[in-house]
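Encoded as structure tokens, the structure appears first; notes follow it.
To keep things simple, chains are lettered A, B, C and D as they appear, and every chain counts its residues starting from 1.
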């Protein structure tokens, strides 16, 4: 079985595993107050060009989003997100469970939130009978693989600053965004109030690094981290992993690799005439394939089903990761070519 | 100034005030454990034909909605509401503040939630990565004055039963719904898991009566009522008011009155050729009038602005209540006719 | 039946009822944005000597406490209260339901929180593995009728300022505290970050006025008020009542009256040799009486049982209010004298 | 530096690390729906003798406690815990952040909750003006190293059943409790409504296994798990670790080892005349040592400070783990003997 199911099917990059193994018998203080975390934080501050950033390590994506949002907002304040935003539909109401409404805004198939939609949402919430929009949630890449460029991020920053909103960027797949022409790390740090550098989907066993840039959002974050169950007892495990990822450019290298494989998949499928549900320059691809073709591929390959589409076809999601092998891409394209030919 | 601003601009019906005054020096036990509350509960159980209903009295609408929903749901369960539902946009995230997501569903200008939209929403939330739809929120009348008939309510009940959902009806304006051909009190009791009989907007100083029909939702409600600040120390004030309203048909009589006045307004405006943003058979009317006309009426009449509409016009809301005088309707229609003529 | 059950058994003072009746057919804007509320707010600002105070009107005591606390605190911050504090044991976890821990501190039978206990509690919560103490909750009078003097309040203010804590005073029975030598209105305003002026137990039908003095706690309070169900649609009802109470010294006059009656009860019982569970100079008294005596009084008088005490006796609570008649006190003392004699 | 700081200073047992490494390039489905988790769940069901138990894997202790409690309780229900319970003082109000009050009950220095205290607490919360006690939280071992035997657990079960309470056992240090004569795994499963088998402090990199025995508490737990950020994307990492721990008795073997080392420390200190703050048969020891002695040991050994004690002394906590070496115990006892002698 060759898996394009997601980018968290395997453990971690060998360099990360080696680092964990090497430190296994070390004694370290708990809760992220150890030298590995300090070093990893320093490496991240340097990489993002923000010497004053607060950097916190959490285990998972839903956890970091809900913890950050609940730390940043007052009770009546709400999140603005595209209707396809991960916090909106795929986190079982984690944000609402902290008391805050997620306002779902219209977006196209690229799942991007546009300045105009933000402006309209703020206008539609004029007073104390409505929640108060306060934090704009975006992810890079988006749920459907699209990428915010530096220019697009600057436009969002401008509307947020004008309207008094925080800009929060969920970087669960930031490595692929970086490889696909998205806003760079320094741009994220310069333009966002807070953002995450996702490890789980890019070489770590697990881990999300939360960078807080806005001084007003920094105080007492560790209290909320602990309260919401996000403070790992063996916090050094997160420090060790981010040390490995942030050294010698491994993080960005893995993102380039997963992205290149995805583009090879995309271009190969395009050459075979396959249409896509949305344009994606990153490590998730959303082709639309005839059900008969999918039936021939099933069993040998695995993917996520996105739902039926017109013409006895279906949209699927193919995801590549640091762990995807070149041969997997070759095998898929070859099998697809045969399946398509067999169908004709 | 003649007010069509809303249906809570005045105090209460004289009979209600007289009842409060008559009981003013009585000594009563606190927290709704007094004979007035018991009597009012008995009158309501009789009126709705549900001898086993639990009836609780709360002060306000946002309060009763949030308290009931938070009492009825487990943490991962969500509310389905039309995108125009009151809980969705006009209660400052009160439901989300109790931890539950409100899923906003598409609806037409009548703000009604249709069985198909419910079915689609449940299908779109298939597993533990999504919130679990569990409670359908509707209001009768709707935010835009439309009315669910008994037949429509039965259709909603059917889809709720099929999908394992609770049906909750917010009756803040139930009196006008009853007068306008909406599902009757006994139908509400037979078809809903819980519903409210609104007093604030129909003759009471304040008060909403929550009727819980589903036995599974009854236990320990008074704990939640107290915890959420909804248990009035002088609960007898609510009992006294509902005694007055539920005796001799006063509640329904006031609803008929406010509704008849609104229909007179509607028909008068129609006769003058005024278009409406939505059809309403109840005590809220949403005409669209040229701004020049509105300018001539402003100062003498008061209404709520709903927003600009095409053709240098605006949609406004006119609301009648038990306290609206016949002469107010006459005066408005006369002034409108003059203003329209003057404009021509 | 003569009731000493509590101070919310009756409706409201005749002057308050008259004011409500007089304004019954007025048209007023909703949600506390009307001239009555504005006037009442101005009267309160003048009475407390704080022209910049924000004043909000809520319906009930649990509601105002939970709403204010949840508006003032960040998620990891906690309330310090004496173990007998009302928020701690008698509000069904309303504060915890907003996410905040109430830390119960030791106190004597007077239920007073002392600066030393606050200091120790802060020392016992040193870091992010504990909640962060941030708000000190006291009530004047306390749960057991004791009173904080101006000097005692200054001492609490000093420790709060030193430790970076907010001082919040629940004035549900402030009128009796004022009459019993407690800190005055201007002292409350000068020393507290926020406090309430309770109406429910002192002449109003219902109502608590929340005064916010600390500028940092003022922004957006009306959003939280609405979200937590505390914004009354007919807010003018609260304004009208506080206008009546704050004019011509009615509020303080009613507090003097209820307190004087309680002291007459106390002194009469003392003269009969009755012991008390705690010293109270205010409108609640806690005598300890033999069960045989209580049996003779029961049926003619009503009180709250506080629990059995040594020697086949019980502690009871007797409460007087603006509505208590002089003759009720006379009758009780006379009956008690007979019951005690009959017992001998 | 020799560390007795805690039992989570090192990574994981070599067998666990080997298992993680061996599976590193496997492809597995996400979110705990993989064969490793299924196998580990089966091993746990067998070990606890409960074929129908639901077993869920979470990352950390605060997380599992808060998630389980919030899944099990309705909004008005509260947790009963000893005043020294971990949820009460060391989790930054995580339980309160889900809306539930933790009622802190008196206990001795062993931190154990006794049936009598539970009974008194329930009696002290008689009605809807109080929270409703519903879940009893204990940990085995307790915060101070004491152990509930099977008999003691049966007594708690009896009072819980009588009063309609859930019994929840936090087994963060269950392995040491098992080794120290505590209730066995099968007893935990037979007597508790839910309990955890802690991995973080006994050989795993991280992980807590939650066993739910009460059928009423099982439905939809995975929704809450996801919502509260406790569903690990690479859930298989938890399955792999528990497979390793539950096979060939490794889990219990590691608990025996850490406990035996602690008892050697204890007996050695006792032989030197050192007093203890509390009796502990498990892997945490709480000796009281003169400050002068501690000064001589500091720098070579590390421990947690528990606070000053009479006689220029201090209480410290020494913790052993699977990773503690025999030589560390020898070195400490030898150095302590010298330090004590040097002091005399």
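Basically, a residue touches a chain if its C-beta (ideal position, glycine included) is under 8 Å from a C-beta of that chain, and two chains touch if they have at least 3 such contacts.
Quantities reported herein were computed from a predicted structural model and do not represent experimental measurements.
S.K.: Is the number of contacting C-beta pairs greater for B-D or for A-D?
M.R.: Top pair by contacting C-beta pairs is A-D.
S.K.: Quick one: point me to the chain whose Cα centre is farthest from that of chain C.
M.R.: When every chain centre is compared against chain C, the largest gap points to A.
S.K.: If you average the CA atoms of chain C and of chain D, how many Å lie between those two points?
M.R.: Computed from C-alpha means, the inter-chain centre distance equals 42 Å.
S.K.: Provide the C-alpha centroid distance between chain B and chain D, rounded to the nearest whole angstrom.
M.R.: 51
S.K.: Where the CA atoms of chain A average out and where those of chain D average out, how many Å apart are those spots?
M.R.: The separation of the two C-alpha centroids amounts to 34 Å.
S.K.: Taking each residue of chain A in turn, which ones touch at least two of the other chains?
M.R.: 75-76, 91-93, 97-99, 128-129, 131, 223, 226-227, 231
S.K.: Are the chains arranged, by touching, as a line, ring, star, complete graph, or other?
M.R.: Complete.
S.K.: State the interface residues of chain D toward chain C in the complex, per the touch definition above.
M.R.: Its residues touching chain C are 75-76, 78, 89-93, 96-102, 104, 128-131.
S.K.: What residues of chain B sit close enough to touch chain D in their complex?
M.R.: Contacts found on chain B: 31, 70-71, 74-76, 98-99, 128-129, 131-132, 220, 222-227, 231.
S.K.: Please name which positions on chain D make contact with chain A in the complex.
M.R.: Its residues touching chain A are 1, 3, 5-6, 8-12, 14, 17, 20-21, 23-30, 59-63, 66-67, 91-94, 97, 200-201, 205-206, 223, 226-234, 237, 302, 323.
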